[in-house]
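Chain IDs A, B and C follow the sequence of writing; residue 1 opens each chain.
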Amino acid sequence: MEIIVCIKRVPETADADIVIDRTGRDIEKGGLVFDINEWDNYAVEEAILLKEKYGGSVTVISMGPEEVNETLRRALAMGADQAIRLTDPAFEGSDGYTIARVLSQAIKPLSYDLILTGVQTEDDGYGQVGPTLAEILGIRHAAVVNQIEGIESGRTRVHRELEGGLEEILDLELPAVLTIQTGINEPRYVSIMGIRKVAKKEIKVLGLRELAMKPEEAGEPGSLTVVEMVSFPPVGEGAQILEGTMDEISDKVVTILKEKGGVA
Amino acid sequence: MEVQKEGFLQKYDLYGCFQCGKCTGGCPVSLKSKLNIRKLMIEALLRDNLGNVVQREELWDCTTCKTCTLRCPRGLEPMDLLIGMRTLLVEEGHIPKTAIEALESTYKYGNPWGAAKNKRSEWANELGLKVLPQGDQASNLYFVCCTAAYDTRVQNVARSLVQCLRQIGYDFAILGNDETCCGSEIRRMGEEGLFEMLMDQNIESFNKYDFRSIVTTSPHCYNTIKNDYAQDGLDVRHYTQVLAEAVEEKNPFSGEVRKVITYHDPCFLGKQNGIFDEPRYILQSIAGVTFIDFDRSREKSLCCEGGGGRMWVEATDQGPRLAEIRVQDAVEMGAEILATACPFCLLTLEDAVKTTGNEERLRVMDISEILVEAL
Amino acid sequence: MADILVLVEHRRGEIRDITFEMLMKGKTLSEKTGKPLTALLLGNDVGEMAEGLKDLANRVVLIEDPKLENFNSEIYQRVLGNVIEQEKPFLLFIGHTAFGMDLAPTLATQMKAPLATDCTDVMVDDDQIRAIRQTYGGKLNVEVRLKPAPCSMVTVRPASVSVEDYSLAGEITRVTSPLTEEIASKRFLEYVEAAAGEVDITQANILVSVGRGIKDPENIPMVQELAKSLGATLSCSRPVVDKKWLPKDRQVGTSGKTVKPTVYIAIGISGAFQHIAGMKGSGTIIAINRDPKAPIFNVAHYGIVGDLLKIVPALKGKISEAFA
């Protein structure tokens, strides 16, 4: 079983103050803590569980600058066997389609039975790269997979998560791309010693040329959608923020609950 | 799970153990947990496959209070064997989920509480403290501790301590957001690599600035900087040492506290570092205080179960929590205040006051907080 | 023909809400651009459904085939590829749902159509399509331009359009299914229902809901106590379930339960759309979050900005007193 996992290093923003940068098309990334995209962490774990069950090898691929090595090393420490980083100034500004395009160029020469990605990323949230990659490679896919039942004679049975707790079971021909949903497993802890042990492992770095792509096929020129500008969502009516000391705030909540809450 | 056994035998000198059982006899959790440290020593020696010995849930019950090691007549280190076993588990990724959260948070944000790094010094916002990385200078460095920096209850200890230190005219500064977790609990949870990383980061910060000594809120930071970092020329002191010295010279805490107070020895301060007298001296020097000691005090003190990563791992045992026993004992003795000098003891004991329904009878306070009442 | 096309999403005999939301959006754009609005319905024996949709579009294109009984992205893609070739639509709307996330990217790639996913709004000026989508968990709005192409595609975020009544009196056009042979590379087998849990959060009058901001499972009892003092039921966001801190039957959101309690208190929940879609119908929403920019405050009626570890105990104290 040869498995490829596409992962991304993303800034954590749930808890952070974010600031729009000078280009007006992105946010300031300095000062933010980066980590593997939550969905991708589950995808790496799933790949390793599959390898432990069926044998074979796991290759992780990520696009981005040198810092991405840290994320790739973490995946190696989890149990991946090879890591590839795709980097080129020309990739800047790629949309979901073009990201998939670049990934596909790196994946084409490899042999694989399964490709896993996260359902979406915490930053751009396209939810598009995995299936697009499948279409470019001309293979099958399933999005929002929350269980892989098993793999047998070139096919796999997977559960796709639908809305409201409903799932559907699919039977898919391999090779296939599966986009992995959170909660599918419990990602293991990666120790610093574990990361140090793989510190010397080679990370293959590929750029535009190695991927046999032309500059106009990547980044903004190669993309079908272009970010024009970013802004903070209008607050609309928004919430009435309760102010005061903790006691005063609590009193206000009690009043609200008495008025609206049907609490006796 | 494969384990290189030879190295293990030598590292922990397992051939030296003659199975006297003093370790288990002194172990505070052995009565209620399957954890048996004497058996662990012999099994590690005799079993072919260490992997099976190591993969036991009860390994996480140990609070690393170090009683076993301190009592070993052969000078062996059973606690380190246990931590060594945890290290194997951590490297394999087999650790309790809640511990994973704490470790990942420490790696990313430099604290086990999942709080943002740039909010580390928020507790001191209105205090006007000197901050070394902002160019301030001071004779001493106050090492705050993650728990004192982020836990809303323990923040009060840090603020009280600042008041006390100012009262004695102690010149100090903090590292602000550059302070990172000391790694004490991280190492004891078996994450040796992360511990080394944290140690290196802190030592690098220490080396950047000129100061005489480091004073800590927590006995855990104190112990680890003093004994685990073990850097020549690094003078580190627990705050009770600094305050006791000042009180002895000329007591600036002249107010009265009319209360019956007992004191719980934190394992990392008392047993592990022999600091028994200073906290008692401070408490007894406060006017109006009636001081009574626990039956089980000093070397015999009962562990609160807050150490060794237990703040983040639920124990497998079902028995009564030791902190609850401690609180019951204090109430029975007639104490009104249960004093301690450790953030973890404070949190576990205070929780035990609630679970035993003693909120009306007993208050748990840090020594620095009691001193502030005596200002 | 350059229509605005809306792909009807239905499951187990029912049209899903997202369909009406997309039709509403489509109608607004159709009025502005003069391009007709077409609903595209694929299924087996769904004639009645088509009748029901007639009023909401200028035209309903109906393709029936037993192979279209259940949704299957490969089979849909085969049919839709054909339809797009023939219809040459200007813009195709698909829901940003489990259905659309499986279908839209591959279809767009096959048709070389620019695709903007998870959009909360779509604008058309002089045939230039722009879309608003959210990034960073809803903390940022991004305006994207779709490069000119014969056909463009947009997936629409559920619950981002409010639906009003209108009538277009359209007609039904039947198109023969282009499917000939079986497609066996991807097979739908069956649906599995979520196991019934021990509590039914949809029945609760008050929900106290906890998110990842709780940080440590040991803090959950604190929230549970708050809930108890209110006679409320405890619910949560998805990460809390993923981490196995609370069982799945407590999860609010698109992949959990949709709830409409009288009062919903969101504690340490950022307000991702998948969560909001499951609770925005609540009577009164109170959010506690230390990030004043958290998207949850956009749907909440009342907000408390601060550390939940301080706020929850304080609240609990007051509430216990008040409702003792």
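Descriptive notes on the structure:
Note that a contact is a pair of C-beta atoms (placed from the backbone, for glycine too) under 8 Å apart; a residue touches a chain by one contact, two chains touch by 3 or more.
Just so it is clear, the structure is predicted and the values come from calculations on it, not from any experiment.
Chain contacts in this assembly form a complete graph, since each chain touches every other chain. The greater number of contacting C-beta pairs, out of the two interfaces A-C and A-B, is seen for A-C. The geometric centre of subunit B is 48 Å away from that of subunit C, both derived from CA atoms. If each chain is reduced to the centroid of its CA atoms, subunit A and subunit C end up 20 Å from each other. Computed from the mean C-alpha positions, the centre of subunit A lies at a distance of 38 Å from the centre of subunit B.
Those residues of subunit A in touch with two or more other chains are numbered 15-16, 186. The set of subunit B residues touching two or more other chains comprises 97. Residues of subunit C in contact with at least two other chains: 244, 310.
Residues 87, 90-91, 93-95, 97, 99-100, 103-104, 107-109, 116-118, 191-194, 196-197 of subunit B are the ones touching subunit A in the complex. Those residues of subunit C whose C-beta lies close enough to touch subunit B in the complex are 215-218, 243-244, 307, 309-310. Subunit A contributes residues 13-18, 20, 27, 38, 95-97, 100, 119, 122-132, 134-136, 140-144, 157, 159-173, 179, 182-183, 186, 223-236, 238-242, 246-247, 249-254, 256-258, 260-264 to its touches with subunit C in the complex. Those residues of subunit C that touch subunit A in the complex are listed here as 11, 16, 70-71, 73-74, 96-99, 101-102, 104-106, 108-110, 112-118, 130, 133-147, 149, 184-194, 205-206, 212-213, 230-231, 238-239, 241-242, 244, 248, 251, 254-258, 262-263, 270, 283-287, 290-293, 295, 297-305, 310-311, 314-315, 317-319, 322-323. Listed in rising order, the residues of subunit B touching subunit C in the complex are 97-98, 101, 113-115, 152, 312, 314.
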